[in-house]
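Before anything else, here is the set of structures, which you'll find just below.
The two complexes that follow have chain A in common; it is paired with chain B in the first and with chain C in the second.
Moving on to the complex of A and B:
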C-alpha cells in the first residue's frame, strides 16, 4: 500500500537522477541508459514533466547504439510531435538514418539543416562522421580540416582529428592537434600522456626527450597515471641506451629511469597489499 | 533675501508627487517588457563566429603557449603575426557602418528604439504637464537662477516665485532619471527601462560598429602576441617531479577509477 508507493517514488527519482548524471558526465553506457530510460518512459512518463524531452533525446541516442530501432523511432516521433521543424530533432533523425546505414539520406538531412543555418556545427560534424563510418578517412580528414579552419575553438573536433591522424600514422599532424588540446586544457593529464606517446612513436632523440618531458608532466598532473610512469621509464631508458648521447645526458636519463623503476615497484607493492586485503575479505 | 516659506497643500503630496513617481516607475517597467517582446534576434554570421574563435585561440596561445614545445609555439606565432601573410596582420574584414540606408534591419531597430523610448516619454510628459498644471509641486533643495524659471515652472505665471519651486513636469523628468537605480534593483542590470543609458548608447552607438571592432581586435591581438615570449613550463619538469615520491593513495580501490590506464 503506502510503503509500495514510497518505494516506487524513490526508485523513480533514483532512475531520473542517474540519467541526469550520465547526461552531464557524457557517459556512453548505452545499454544501461536504454534499460533505465525505457522503463522511465513507459512507466513514469507523467511524473517527468518537461524533463521527458531531454530524456527522449538521451534514450534515443543510446537506443541507436544498441540497435534498438523500435525504441529510437518512438522517441523520435514524440520529439517530432513536440518540436516540429526543430533543427535539433532533424539532427536526431539524421543520426537514426546513419544507424540504419542510409548514409545518402542522412547526408541530405544534414544538408537541409545547413541550408537553414550555415553555422550549425552539429550537422557538419555528423557529415564528417558519415565519411568516417564509410571508411573514407582521407576525405574525413580533409573535411574536418576545413571545419576546423572555421571553428578553431572546437576541442572535440581537434581530438577527433588527432585520432584520425594517428590511424593514418601521420604523427606529426596528430601532435599538432594534441598541442591545441594541451593549450586549451593545460591541466588534463591525458592529453599530455597522449602527446608523449605520439612523440615516442615518432622516435628520434629530440622527440624522445620531448616524450619524456610530457610523460613527466602527465605524472605531475596525476601521480597515479601508470601509463605515464611506464612511458617515463621507457623514454628515459631509450635515451640512455642511445649511442649518440653524451655522458651527462646519459647519466641524467639513467637516474630518471631508476626513479621511475622505484615508483613502479612501489605501485606493485601497493597493489599487492590491496590484493591481500581483498583475498582476506 | 529672507523668504517666507511657501506651505504647499499636503494634497499635492498625496495626489501629485506620489502618483507621478508611481506612473514613471510603471511606465518604465512596461517599457522594459515591451522592449523584450520587440527584441529582434541577432543572428551571427559564420564569419563573426569564426573570427571570435580565432581571437580566443590567439589569446590562449599567449596565455598557455608555455605548455607546448618552443618550436610549436613559434610556428603558431609565425602563422598569426608573420609580416607577409600572418592571419592577424593581413585579414581585413569589410567594415560596413550600420546606417539606416544600407541595412534595413537597422532601420526597424531604430524605429523600435524610438517607439519604446522617446515616444512614451514625450506623451507622458505632455500629459502630466496638462493634467497637473497650474500649481507648484515641489522645491529643489538648491537655489536656481531666474533663467531656469521658464523651463521648470511651465504654466505658472508668477514673476516673484523663487526658481527653486518647480512644476510637476520637472518632477516627472527628475523621476525618469532618478529611478534608474530602482530599475537595476528590480529588473536586473541590462534592463530596457533605463532611459538615460539608452540615450547614451544612441549617441555613442553611431561611432561603434561590430565590423570595425573585429579589425581593431585583430590589431590588438597582433600587438599582444608580438610581445609574448615562450617560457617553457616543462624546462625542469623532471627535477620538480622527482623531488618527492609519487602519491599513490587510493590507486587500486574496489572501483577502478578512470585515467590510470
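Moving on to the complex of A and C:
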C-alpha cells in the first residue's frame, strides 16, 4: 500500500546518498559500493536520472576491486553506449585491463588517449599505477617526478610520490614532497603530522627536534590528532634522553613530554577506552 | 634448530581478517604468546603457542613513531596479561610479493631482542581463499642475524581444522569489516585493538 511505497523511496534515497558520500570522501569500501550500487542499478535505474552515469563509473571501479568482472563489464557497456569515444570511458576500459593484469594492453589504451590528448593527466597517472602494480618502484618514481615537473600543483601526485619514497626508505625525498604539500596547504594537519613522522624516522637530534615542532604544529591545527599527540610525547622524550642536549633543552622537552602524557591520559579517559594506559616518565 | 611455533585459531584468523579488510594495502601486526614460567633446559622442544594477534597498521608501514607507540602500549598490555610479544606478521601491498622486506626484518629483529624464539610471518596472498583450504603463511626464524624460512603446514596449528573452519566462517560473514587495528585506534581511541567482539565470535565457533 501507501506505506510500502514510502519505505521504498526512503531506501532508494538512502542508497543513492550513501554512494554520493562515498564518492565525495573517495572511500575505497568497494564491497559495500558493489552491494549498494548493484541493487540501485538493477532495481532503481529509472529513478536515478543523470546520476546513473557517475554511479556506473563508481560501481565499475568498485567491481574491479572485488573481481566482479561481470558487473564491471555491464557498467562499462552502458557508459560506452552513452558516451561513445569518451576519453574518460576509455580510461575505465584501461582500468579493467589493469584489473585483469593485461598491463601491456592497458598501457596501449592509455597511450592512445595520450595521443589524442597529451595533457590527459588521468591516463598518465594510470601508466604510473601500472609500474607500481608491477613492482617497478624506481621507474614509477622517475615517471612521477617527470609528471610533477609538468603538473607541479597536483597534490594527489605529490602525496603518492611521498609514499613511494617512504616505501623505498628514502625519507629525505619523502620529506621534500611533504614540504611541497605543507607549503600549498598550510592548514592541513595531516601533512604536518606525516612530515613529523618522516623526520622522526630519519633520526638524529636535529630531525627529532624538527619532528617535535611539526607534531606540535599539527596539534595546533587539530588538537584531536592522536598521532600528533603521541608523536610529540615520543620525540620530546627522545630529545630529553639524548646525552648531547644541554640542561635547558632537556628541561623544556621533559616539560613537553609531561604535557603530552597528561593530554594523552585525558584523551583516553574521555573516550572511555578499554585499555588503561599510564605512560610513565 | 628450529623453534616450533603453534597458532591458536583466533590468532590465525585475525591475521587473515586484517589482510582481507585492506586488500589494497600492506598490513602488519604482532603475535603474542603466553609467558613461560620457567625456562627448561630443553625449552626449544616446547612449542611456542601464539595465542593472540594484534593487528597494527595498514598502508605505509615504513615509518617509526607510531610503531614505537604501538610496541610500547602493547608491551605494557602484555605484561598485565602475562603475555609476551612472540612474533610479527606482514602482508605486502602487491599480492605476488610475499618476501620479507626491510620493515619485516627490522621489526622482527627488534622483537627477537626481547624474545629469542621470535617468528617473522609473511602472509602469502596468492593462496588466500574464502575456504581457507591450506595455511597461507611462511614462517621465518632468526638465526645468526639472518632470517631462515621454515615450512608452515597443518602441524603448525593447535587445531588446523578448527582454525580453518573459524577463519572461513568469519571471512564469509565479512567479520573483517569490524576488525580493529592500531591505525583505527589512533583514528578513534574508542576502537579497541584487542578486538573483543571478534574474540567472542571465535569462541562461539570453537
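The definition used in the following text is that the second predicted complex is superposed on the first by the 270 of 281 C-alpha atoms of A that agree within 3 Å, B and C clash if a C-alpha of one lies under 4 Å from a C-alpha of the other, contacts with A are read in each partner's own complex, and residues count from 1 in each chain.
Assume a residue touches a chain if its C-beta (ideal position, glycine included) is under 8 Å from a C-beta of that chain, and two chains touch if they have at least 3 such contacts.
Keep in mind it's a predicted model, so treat the numbers as computed, not measured.
Of the two partner chains placed by the overlay, only chain C lies in contact with A:231; chain B stays clear of it.
In the superposition on chain A, A:214 makes contact with chain B only, not with chain C. Using the contact criterion defined above for the overlaid structures, shared-chain residue A:189 touches chain B, although it does not reach chain C. Judged by the touch definition given at the top, the superposed model places A:259 against chain B, while chain C stays out of reach. Judged by the number of chain A residues each one touches, B leads among chain B and chain C. Contacts of A:169 after superposition on the shared chain: chain C is touched, whereas chain B is not. Touch criterion met: A:118 reaches chain B, while chain C stays clear of it. After overlaying the two complexes on the shared chain, residue contacts for A:271 are found with chain B and with chain C alike. Residue contacts after overlaying the shared chain place A:28 against chain C, while chain B stays out of touching range.
Of the two partner chains placed around the shared chain by superposition, chain C is the only one that A:135 touches, whereas chain B remains out of contact.
When both complexes are aligned on chain A by C-alpha atoms, chain A residues 226-227, 267, 270-271, 274 touch chain B in the first and chain C in the second. Considering their complex, residues 28, 31, 65, 133, 135, 163, 166-167, 169, 196-198, 200-201, 203, 211, 226-227, 230-231, 234-235, 267-268, 270-275, 277, 279 of chain A touch chain C. Residue ranges on chain B touching chain A, taken from their complex, read 44-46, 49-50, 53-54, 56-57, 60-61, 64-65, 67-69, 72, 234, 237-238, 240-242, 245-248, 250-253, 259-261.
Across the complex, chain A meets chain B through its residues 118-119, 150-154, 176, 179-180, 182-184, 186, 189-190, 210, 212-214, 216-217, 219-220, 222-227, 229, 252, 256, 259, 263, 266-267, 270-271, 274. Against chain A, in their complex, chain C makes its touches with residues 23-24, 59-60, 62-66, 68-69, 72-73, 76-77, 94, 96-97, 102, 174, 186-190, 192-194, 196.
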